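Shared chain: chain A. Partners: chain B in the first complex, chain C in the second.
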Partner chain A sequence: MPESGFRRNQLGLVGWLSGGRYGIERYAFTLHRLTGLAILAYFLLHILVGSSRMLGEETWNSVMERLDSPVFRYGEFLVYLAFAFHALNGLRLALTELGFFLGAPRQPVFPYTSSVRRQRPLFVLVMIVAAVVVVLGGYDFFFAHPVK
Partner chain B sequence: MRTRESTLWTWHLLAGAVILVLLGLHMFIMHLSGLGGSGEEDVLSYSSVMERSRALAFVIVYILLLGVALYHGLYGFRKIVFELTLSEGVERAVTVLIVLLGLALFVIGSYATITAYAM
Partner chain C sequence: MIETRSRKQSGGSEEVIKTVQFSVLRYDPKTLPAPRVDSFNVPVTKGLTVLDGLHYIKENLDSSLAWRYSCRMGVCGSCGMFINSYPRLACNTQVLELKTDTVHLKPLPNFDIIKDLVPDLSVLFEKHRSVRPFIVRRDVSIDELPSGEFFQSVEELERYLQFTYCIKCGLCMAACPTVATDRRYLGPQPLTQAYRYDIDSRDDGSDERKEEALGSHGAFRCHFAGACSEVCPKGVDPALGIQLSKRRAFVASLGLLPKKRLAAVAPPVTSAKRREGTPDAPERTVR
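Presenting the complex of A and B:
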């Protein structure tokens, strides 16, 4: 692979986690990956747990009983947090990938502006929306359906 | 030039957009339903789960969501693993394993969804 032009990730985990000089969007990128992996792990289990409904009411209730603990309940809320961040940040990434919110191409005249800064209002906006989604979901988790 | 990887990446983006809508709907039903004053209803009770499972619209949404979410998640996982700069042989093996895992989970999830619909 390196011969075809790809650069090796010689920094290993540090290369994945460090934001370097790229600002808050680089940490959002790292968090996007971590939340993606967490959601994927949850989703694979969710498929198996959800599939148990075809085995009848007794099996379903037994599975739900096993999962009915504060650990799983709070864990589920963490997954919800991860979903809110990953979904809204992913929307920003898709929009900027397609060229939206970056402004028109311009000559590199001093003082330089970067496309990262041009899309920052979008980043702030999606994080505010994510926070609202988290607050609404938090109300549902902890007040409308409180942990027993 | 459009390569196989760029095509897969485009599908990854499109799958993300579909997930945003369908999973948003799923999250609203499962985790925001209490906001409308229906806090007493347990969305995870067997009767409630089966009521949704027997609705054709839910069956279609579940299977579609299962497919696109598996693709989006497993493709993203594959891209992260590939950053370890593996040899081409290992990359191929990882791809095969991920595809098999995805297909197996899709079959299990779809089978459960169709079986529950017919119950």
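Presenting the complex of A and C:
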């Protein structure tokens, strides 16, 4: 780190990526951002693959053949995991960022409580729903339509 | 002798419970090319705070150690530091409660280092100032009414009271992942104060705060990581203030925000009788 970096003492990406010793919502924050990027990357790949159809049926078939491998199938399941988390956590964020489930401001009396703790049951609930979605999807991926 | 005095200063008993190593980041941007870590052994008595430990080091082991403090009681907001990788007030943190044999001390991150454990909080104060953290009125000049009061109900007060407890310690700014990557993001403290004044029934300055508080480095850059509210030593709950300000902005964007009924100025009290035996007010020292 250059001298000015030491002086600036900015946590930068490390502060953004690591949840540190803070609560679960700070980890959810990081995961939400990362899964968002992963879904975006998948989306770009998806467009790219889909557009290969424009190059004719043969190209399309060869691309599809190449993608029909366990790596991509498992990769797709990872995207599905990311989607389940991102969608349900996003629902929680949409609600809390509009002030729902946070409670009203109150006199801070020690030991303090906070809006973050008050919305935690909602976080637990959406994570349970996400787990159910993942289990159902996992069944479909691995048992109903197993990887060949 | 000095040692005894320093232990007494902690206000606790004199019985040394254990020796704890204070591992302190030392850095002077003017003289050192890079930070280093110095370790000191501090005898810990019951009730000894991290701040007391630093005093012990300064008095007995290394007088060149620099940190900032003033009130020693969680009121002034000067002594925020990164204690075992968590932003805390040194005066509000007892060493034994940390339950470790080594206390790692670093200056609050996301602020420039002035020296050792002293962060440069001026960026926080500038951001705070930028949201105009005071009552703004167009209809009456507050300067002309230095002794006037506004009517305000208890309910109106309770809407923002929690946010007034802020001591500007900057712990929330050190915990925020968005402040970590975006220096221009206002951060939890200033945004909460912008909201605190926006919803004050005496204030008419929302429009003047809008550009800063709701602009591209304002409240909507917050993604509710919640760390600010967790670390706040005064229970201010900045995350709540920011989310409520987003809600307010959203409702306003739909044109559904009810028009604020501005608090009226209370006329000077003339009719009330003075209770017998009430002493006279002292002479004014400032005019």
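List of remarks:
Everything below uses one rule, namely that the second predicted complex is superposed on the first by the 129 of 148 C-alpha atoms of A that agree within 3 Å, B and C clash if a C-alpha of one lies under 4 Å from a C-alpha of the other, contacts with A are read in each partner's own complex, and residues count from 1 in each chain.
To be clear about the criterion, contacts are C-beta pairs under 8 Å (C-beta built on N, C-alpha and C of every residue); 3 or more make two chains touch, one makes a residue touch a chain.
None of these values were measured; they are calculated from a predicted model.
Of the two partner chains, chain C is the only one touched by A:Val116; chain B is not.
In the superposition on chain A, A:Ser62 contacts neither chain B nor chain C. Of the two partner chains placed by superposition, chain B and chain C are both touched by A:Glu97. In the superposed pair of complexes, A:Pro108 makes contact with chain C only, with no contact to chain B. Shared contact residues on chain A (touching chain B in one structure, chain C in the other): 1, 6, 8-9, 16, 33, 97. Here chain B touches chain A in the complex through residues 13, 16-17, 19-20, 23-24, 27, 31-35, 39, 42, 44, 46, 49-50, 53, 66, 69-70, 73-74, 76-77, 80, 83-88, 91, 105, 108-109, 111-112, 115-116, 119, going by the rule given at the top.
Against chain B, the residues of chain A that register as touching in their complex are 1-2, 6, 8-9, 16, 33, 36-37, 39-40, 43-44, 47-48, 50-54, 57, 60-61, 64, 80, 83, 87, 90-91, 94, 97, 136-137, 139-141, 143-145. If you check the complex, the residues on chain A that touch chain C are 1, 3, 6-16, 20-23, 25-26, 28-30, 32-33, 93, 96-99, 102-103, 105-110, 112-116.
Taken together, the chain C residues at the contact with chain A in this complex read 27, 29, 33-35, 84-86, 107-113, 119, 158-163, 165, 175, 177-181, 183, 222-227, 229-232, 234-237, 239-241, 243-244, 246-247, 250.
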